[in-house]
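Before anything else, here is the set of structures, which you'll find just below.
In what follows, chain A forms one complex with chain B and a second complex with chain C.
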Partner chain A sequence: MIDIHPSLLFFFAAVLACVLRGHVRSAMMLAVPVFGALNLWQIGGSLTLTTSFLGYTLEPLRIDDLSILFGYLFHLAAFIAIIFSLHVKDTVQHVSALTYIGSAIGAVFAGDLLTLFIFWEIMAVSSAFLIWARRSDRSYHSAMRYLIIHVLSGVLLLAGALFIFRDTGSLAFNEIGLGTTGGWLVFIAFGIKAAFPFFHNWLTDAYPESTPTGAVFLSAFTTKAAVYALARGYAGTEILIYIGAAMTCFPIFYAVIENDLRRVLAYSMINQIGFMVVGIGIGTALAVNGAVAHAFNDVIFKGLLFMAMGAVLHVTGRMNGSDLGGLYKKMPITTILCIVGAASISAFPLFSGFVSKSMVMSAALKEGYDWVWICLLFASAGVFHHAGIKIPYFAFFAHDANIKAKEPPFNMLVAMGIAAVLCVAIGCYPHVLYNMLPNEYEYTAYDTTHVLAQLQILFFSAMAFVWLNLKGLYPPELPSINIDIEWFYRRVIPCSVRCGLAMAVPAYKATTGFITGLFRKVVIGNLLRHHGEHGVLSRAWPIGSMVLWVAVLLCLYIILYHV
Partner chain B sequence: MMNLLLDDLPALQVMLPLLCAPLCFILRIKGLPWLIAFVTSILTFAVSFMLFNQVADGDILSYAMGGWAPPWGIEYRVDRLNSFFMLLISGIGVVALLFARKSVDSEIIACKQSIFYSAFMLCLAGLLGILITGDAFNVFVFLEISALSSYVLISFGQDRRALTATFQYLIMGTIGATMILIGLGFMYMMTGTLNMADLATRLPEVMNTNTIRTAFAFIVIGASIKLALFPLHIWLPNAYSYAPSVVTVFLAATSTKVALYVLLRFVFTVFGAEFAFGEMPLQHILMFMAVLAVLTGSLCAVFQTNIKHVLAYSSIGQIGYMVIGVALLTTTGLAAGILHVFNHAIMKACLFLAIGCVYYRHGSARIEDFKGIGKTMPWTMAAFVIGGLGLIGMPLTVGFISKWYLVIAAMEQGAIGAVTISIILIGSLLAVAYVWRIVEVAYFNEPTKEKAKIKEAPLALLIPTWIMALATIYFGIKTDFSVIAATNAATTLMGAK
Partner chain C sequence: MASKKKNPSGKTYFFDKQENINLVLRVFYVLCALLFAADFVINREIYHSWEKLPGFYAIFGFVACVLLVLAATQMRKVLMRDEDYYTKQEDAKPTKKKDGK
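What follows is the complex of A and B.
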C-alpha cells in the first residue's frame, strides 16, 4: 500500500477528471481524498522514501509528526472543498483544483528543497487557473499578477536551495535558519507565500477574484503550505515574531473599511496567519504546537466562511457588503453555519479558534513577549469586529436589500455543515487535536484565566458595539458596523490624511509619471528601436554591413590575440 | 559479412546518406524519394547508436579511410564527444523525415520533391561528416557539403523572401567556411599536416608565431559565424523563418550544434585549452559574446510577431547558454554546455514541429494565426506549451536540467559565476515573456470566424511532434542518459590535451 505517493493520487485523479463527466466524476473526486487519507493512515507514523535525481539524493516523501498532521489536514480540506464544488460543471476548475491539492500535499511531504521547489511551482500554476476560471477581465489580470509573484517565490526558493547546496552539500529540507544567503532567499520565498507584510497583496488581490468554489480551495492550501515550510525551516527565528505581530494587526484596518466581503476574509486570513507566524517565531514546543493547531483550525473555519460567502455569491451574484443584507430570511441554514464560522474565528470558547489561538498567546506571554501579546490581544478584538460581526451582519442582516435568494445547492450545505460540525467538535474536544500535534506538551485551553480573558475581550467588544448602537452614533442605513474605527477613518483621517494626500498625491503622480514616462521613452523606446520587429538588431542587415562586422571582429580578435 | 560491415561503421555513418542522395534524385517515383530518405535515416541512426555504444567506455575508434593510414590518409575518429553529437543529429534526422512526408507534400510541388530529399540527405551526410572526421581539411569539405545543401533546402521556402534569406546565408556561410579554410591553410603552412591528432602534437612547437595566432582568430571567427554567435547571427532568423517547416526543424536542431562542435574540437583538441584560454583571451571574448547573445536574442524574441522569428531569436539566446557553459572552462561547465546542446535540440525541434503543424493548417505562422488555437488545435498547442516550458526552464522538462547544471557549474566560479547566474535568470524571465505572449494569444483569445473551422493537424504530423514533446519531458526526468553522455563527452574533451 505504501508504494503510492500521496500527491500522485491526486494527479491521477486530475487526469481522470479530464476524461470523466457527471456523477462518475463526482464519485471519483469524492473517493480520492478518502482513499488518500486511508493510505496515509496505513503508512502511519514515519516514513521516508529516497530516490536519486540528477545525481542527488532526494526525499520525495518524508512523513513525520509535523508533516503528517498537515497531510491529514489537506486531505480533510480537500474533501470538504470538493463536496462544496460538486455542482460545478467546469472541467478546468476540477482539474486544476485536484492538481493544486496534489501539489500542496507533495509540498508538505517534500523532504528536500528540490522536490519542494517542484511542487511549489506546480502549486502556483495550478492555483492560478482557479482564478482564471472566473473568466472575467479583472480575474485574468489578477491571476497574472498572482502567478508572477508566485513564480518569483519559486525562483527565489530554487536560488536559495542552490546556495544552501553549495554551503552544506546537501539539499535536505530541515532546520535552515537565517545565517546564510541561501537561508534568507528561502525565507523570502516562504514569506511571499505566507503573505508577509508588503508581500501580501497577491492574496487580497487574487482570492476575491477567484470563482466562488475556487476561493475555498485557495484559502486552504497555499498559505498553510507556507506555514508548514516556515515551521519546518525557521522555527524559533525571532524576526518571525515581529513579522507575525505586524501581520495580525495591520490587516484589521483594511478589513474594516473593505466592502467586498471575500476581500475582508482575505485580510482576516493574513491576520490569522500572523498568529501562526508568531507561534513559529517563538519556537517553543507550546508555541509551535499552537501555530500548527491554529493552522489546522484556520483551514476549517476560514474555509467555512469562504464557503458561506461563496454560497452567497453563487446564489445572488453579489459580494459587496453594501449590496447585500437581509438574507437570513431566505438563507437561514447558511446564516447559522456562517455564524458558527464567525464564532470560531473570533475564538469564542467552545469553538475551534479558541483552543488554538490561546496556545500562541500563552506562549507569547510565557516567553516574555508582552508587547507582542498586546498586539495579539488587539488583533483578537479586531478579528471579532471584522470577521465575527461584519461578515455575517452585512451579508445576512443589516438593511434588507430585497434580493431574490434561496438556499444554495445541497452539496454546498453539506460541505458547510461538515466544516461547522468540525469547528464545534474541535472546540469542545480539543485534546483530540492536541494529541496529533508534533510536540509533546500538556496544555489545557479551558482554564479560568483563558476563558475569562477571552470572554472579556469578546464581551467588551460586543458592549462597545451595542453601546454605540444605542447611542445612535452611526446612521442605521450606513452598511457599517465598526463604528469606532469607521468614524476614525471617515472623520479624523480625511481631515489630516487627505490634506496630506492633497499635497502628496500630485507630487507623487508627477514623480511616478516622470519616471514611467522616462522608462517608456528611454527604455522601452530604445528596446523597440534596437530589438523591436524592425529594430536595428532584428532586421535583416544588408550583406555589406554584415561582412563589415565580420571584418571588424576579425581585426579585433587578431589584435586581442597579439597583445 | 556482418563483421565486415561492423568494422566499417564509421564509413557507413557518412556513406549511407551520401549514397542515398543521388538515389533520391534518380528514382523520381511519387513517394519513393521520401521512403528512401526515411529508411536511410533510420539506418544512419542505427549506425550512430552502435558507434555510440562502441565508444561509450572511453575507447577511441580510428578508421583509416580507403586503407590509407593517418596522418597521410583521411582518418575518421569516433570518441565519446562526437558519437553523442552524431546520435543527436541522426535522431533528429529521423524525426524530421517522419514529419516531412505530409509537410513537404503541402509546401513543395511534387516534381521538385526528389531534389529536396536528395539535398536533405546531402545535408545530413555533411553534418555527420563534420562530426566524424579526424581530418581538419575534411571538416571544411563537409562544412561546404552541408552548407550548400542547406542553401538549396532553404530556398525551397514558399515565401519569396526565402531567396534573399538564402542568399544572405550563402554569403555569410561561405565567408565562414573560407575563414576556416584560411585558418587551416596557415596551420598547414606551419606544421605540414592536416590530421587533427597530428596537428595537436605538432602545434605546440610553433605556438608562439603570429601565423598560428592569426589562424586561431580565423578559425574562431569562422566557427562563430556558423554558430550564429552574437553579433554574427544576422543570417539566422530569416533563414530559419522562410525555409520550409521541416527544414527549419532540422536546421534549428542540428546545424548550429555542429558548428559548436567544430569550435570545441578546434579549440580544445587541436589548439588545446592551454593555448586558447591561457595565452589567448578567448574565455573573456566568448563569455562577453555569449552574455550579449542571451540578452539580445531573448529581447529580440520578445518583440517579434512571426512565431518562427520568435523561436529563431530564442535560438540565438540559447546558443549563448551553450557558449557560456563552454566559456566557464571547467568539466562541469563544458558538460552543461554539451547537455544544453542535446536538450535544446530536443525542445527546439518540438517547438518548430508544432509550428510546422500550425503552418500546415494556416499557411503562415504569424501571431494572429495563433488566436484561439488552443481550442482548434489542442494537441499541437499542448506540445508547443511543453516545448515552451522547456525554454523557460520549468522543472520536469529538459530546459530545467541544463539550466540546473549551468548554474551548478557557475557557482563553482567566483565573479564570473555570479554574472552567469544573473544572466541565466534574466534570460529565463525573458523566455517567460516571449513564450507567454504566444500562450496567451492561443488560449485566451477567441479564434476569428474563418479560422474557427480549422481542424487539428493530421496524425502524421502530430506523431513526430509528440515524440519530441514526450522526449522533452522524458529527458527532463530520466537524466541518466543525457547527463552521463554529456559528462563523458566533456571529460574526453578536457582530457584530450
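What follows is the complex of A and C.
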C-alpha cells in the first residue's frame, strides 16, 4: 500500500525547510531520507501507478528492479549529503537541495516520458541554485550556462517524447532505441545530462563553482539519473560503447593537468560515467549489472571525494592544487577518509570500485570488444593516476603550503565516515550489492586473476607517478585553466559576435553617413537654393506684381477657354 | 609518496623526515617487485592473447601512465591559459549583474 509518492516527501520537506530553523530543521532533514527509504521499502518490489491527464496515460510512479535500486541509492546519497551540509545556515541551499533530491527520485520512478520531463526540468532548475548559492560572479555566470544547457536537454526530451507519441501513440518510458527521430532526440537529451563528449563541459564548468556542500549533492544525482535513463531506454545500443570508451579516456588527460581539484574530480566523474555507458551499450546481463553497480558505488566514492575536497575548501577557502599541500598534518582524519575514497575510485581490491568496474571490463572482453577493453584498461590506470594519487597527494601531501587549517565540522566528518565505511563494506561484501542488481547473473569479483591483474596495474601506475616525480617530469600544478569545448561558447562565439559588431557598427555608421550626406546635398541643398535666404522663391515681391500675375493668369484662362 | 618536506612548526611529522620517505618508497618498490614476480608463479586465467605476456598488466600500467602524463604535459602547450582567461572577457562587458540572489 502506498503511503506517499517518494519524491513528494522531499518536496514537502523543502517547503518545511523554508520555515523551520536550527536543530528542528536539521532533525527534519535527517528524518526525510530515512522515512523515504522506509516508505520505499514498504511499497516493495514492483508497483505501477497509472493516471490519465488530458487524454494521455501517465505513470507517475513505476517501481521495478532497476528503478528501486536507484531509488534506494538516491535516498542513501541524500542522507549522507544532508549530514555533510548540516552546518550550513543558508536556507536557499537546503531548500534547493531537498527539491533537487525529490526531483531526481521522481525522475527515476517516472514511468512515462512526460513525467520524466517534468522532473528533469525541476532537477535542472533546483540544482542551479546550489551553484548560485556560492554568490560569486563566477558561479553566477557558470550556473547560467549550466541552466541553459540543462533546459536545452529538457526541451529535446519533450520534443523527442512528442515524436515518440506521434509514432507509437504511447508516452510509456521503456526501451526506446535509435530507430526514430524521437529516439535520437531523447538520446541526445539523456546524453547532455550524462556528459557525453562535446556535451560534457557543463559538468566541469559548474560543479567546481558550486558551494562546498552543493557539489556533493550535484555529484550524486543528475548524471546518475541520466545513467538510469540510458539503461532504461537504450540498453544494448552499440554506439554507447564507443561513446563510453571515449568518455573514459579523454577526461584523464585533462585531469592530469587541471589545477582546481574539484574540477579534477569533475573530469574523473566523466571518466567513471564512461564505464557505466560502456556497460549499458554492451547490454548483456553482466554488463548492465556492472553499469548499475558502478553507478551505485560511484555515487558513494565520488561523493566521498567531493566531500573531502569540500571539507578542504570549507576549512582553507582554497581549492587549487598549486595553493594546497601538507594538510595531512592538520587534517589527518580527512586525509585518511579521502584516501579511502581514492582507493575506491581506483578500484583497489577490498574497496567498492573494484567489485563493479571489473564487471564492465569482463563484459567488454567477453563480448569481443578488445579495443574498448584496452581503452577501459588505460582509463583504469589513468583514473588511479589523477583521482587516486593526484587528489590526495596535492591536497594533503606534496609541498607543505603552510596553510592554517583544522579538521572540518563534526557533521562533515560523520558524513565522510559513513561513505568511507560503505566503500569498504561494499568492497568486502559485494554480494549484498550484487543481490540488488536488476539482472540474474552469477559474478565473482575476487578471483586470483582479477586481484593480481588489478594490483599489478595499480602498483605500476603508482610506480610511473613516483618515477616521473623523481625525474621531475610530472607536470607541476600551475595556476591556470585549460580550454575545452566550452571555449567555443565562452570565447569563439562571443568574440565573433563582438568582432562582427565591431566591424558592422563602423560600416553602418559609414553607410548612414553617406546616405544622409547625399540627402543633405541633393534635397536639402536644392530646397535651400530655391527657398533659402536668397532663394528665388523666398524673395519679397511687391503686391503690384502679384496683381499683375493674377491678371496674366486670368487672361491665359480666358484665351484657353475660347480656343 | 615522494617529496621533500620542510619543517613548518616545531613539530616533526612523518613525511618531514627524508629517511621515512625513503623507507616508504623502498617498501613500495619491494611490493612492486613481488607483484611482478607473482606473474611467473601464479597462473592467471587468460581471456585475451595479449595477457599471455608475463607482467602484461604491470608493463601496461607503467607505460600507459607515463604516456598519459607526457601527452598531457604536451597538451598544456596548446590548452593552458591564464586563470582569468574567460573572466577578463566577462568583466569587460559593460552591463553585468552582481550576483545570483
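Some points to look at:
Rule of thumb we're sticking to: the second predicted complex is superposed on the first by the 464 of 563 C-alpha atoms of A that agree within 3 Å, B and C clash if a C-alpha of one lies under 4 Å from a C-alpha of the other, contacts with A are read in each partner's own complex, and residues count from 1 in each chain.
As a convention for this text, a residue touches a chain if its C-beta (ideal position, glycine included) is under 8 Å from a C-beta of that chain, and two chains touch if they have at least 3 such contacts.
The structure presented is a predicted model; accordingly, all values stated were derived computationally and were not measured.
Residue contacts after overlaying the shared chain place A:400 against chain C, while chain B stays out of touching range. Looking at the shared chain after the overlay, A:256 reaches chain C, while chain B stays out of its contact range.
Of the two partner chains, chain B is the only one touched by A:155; chain C is not.
Once the two complexes are overlaid on the shared chain, A:373 sits against chain C while remaining clear of chain B. In the superposition on chain A, contact of A:239 is made with neither chain B nor chain C.
Legend: residue contacts after superposition of the two complexes on their common chain; A:140 is shown touching both chain B and chain C.
Using the contact criterion defined above for the overlaid structures, shared-chain residue A:458 touches chain C, although it does not reach chain B.
Looking at the shared chain after the overlay, A:326 reaches chain C, while chain B stays out of its contact range. In the superposition on chain A, the chain among chain B and chain C reaching more residues of chain A is C. By the document's definition of touching, neither partner reaches A:24: not chain B, not chain C.
The interface of chain A with chain B overlaps its interface with chain C at residues 140. Across the complex, chain B meets chain A through its residues 164-165, 167-168, 171-172, 175, 179, 210, 213-214, 216-218, 220-221, 224-225, 231-232, 234-235, 237-238, 280-281, 285, 296, 299-300, 302-305, 309, 313, 394-396, 401, 404-405, 407-408, 411, 421, 425, 428, 432, 444, 477, 479, 483.
Within the complex, the chain A residues that touch chain B are 53-55, 114, 117-118, 121, 140, 151, 155, 159, 162, 166, 527-528, 530-533, 535, 537-538, 540-541, 543, 546-547, 549-550, 553-554, 557-558, 560-562. Within the complex formed with chain A, the residues of chain C that make contact are 1-6, 8, 11, 13, 15, 25, 28, 31-32, 35-36, 38-39, 42, 44-45, 47-48, 51, 55, 57-62, 64-66, 68-73, 75-76, 79-83, 85-87, 89-90, 96-101. Remark: chain A residues 131-133, 135-141, 143, 252-254, 256-257, 326, 328-329, 362, 365-366, 370, 373, 377-378, 381-382, 385, 389, 393, 397-400, 402, 447-449, 452-470, 473-475, 478-484, 490-491, 494-495 touch chain C in the complex.
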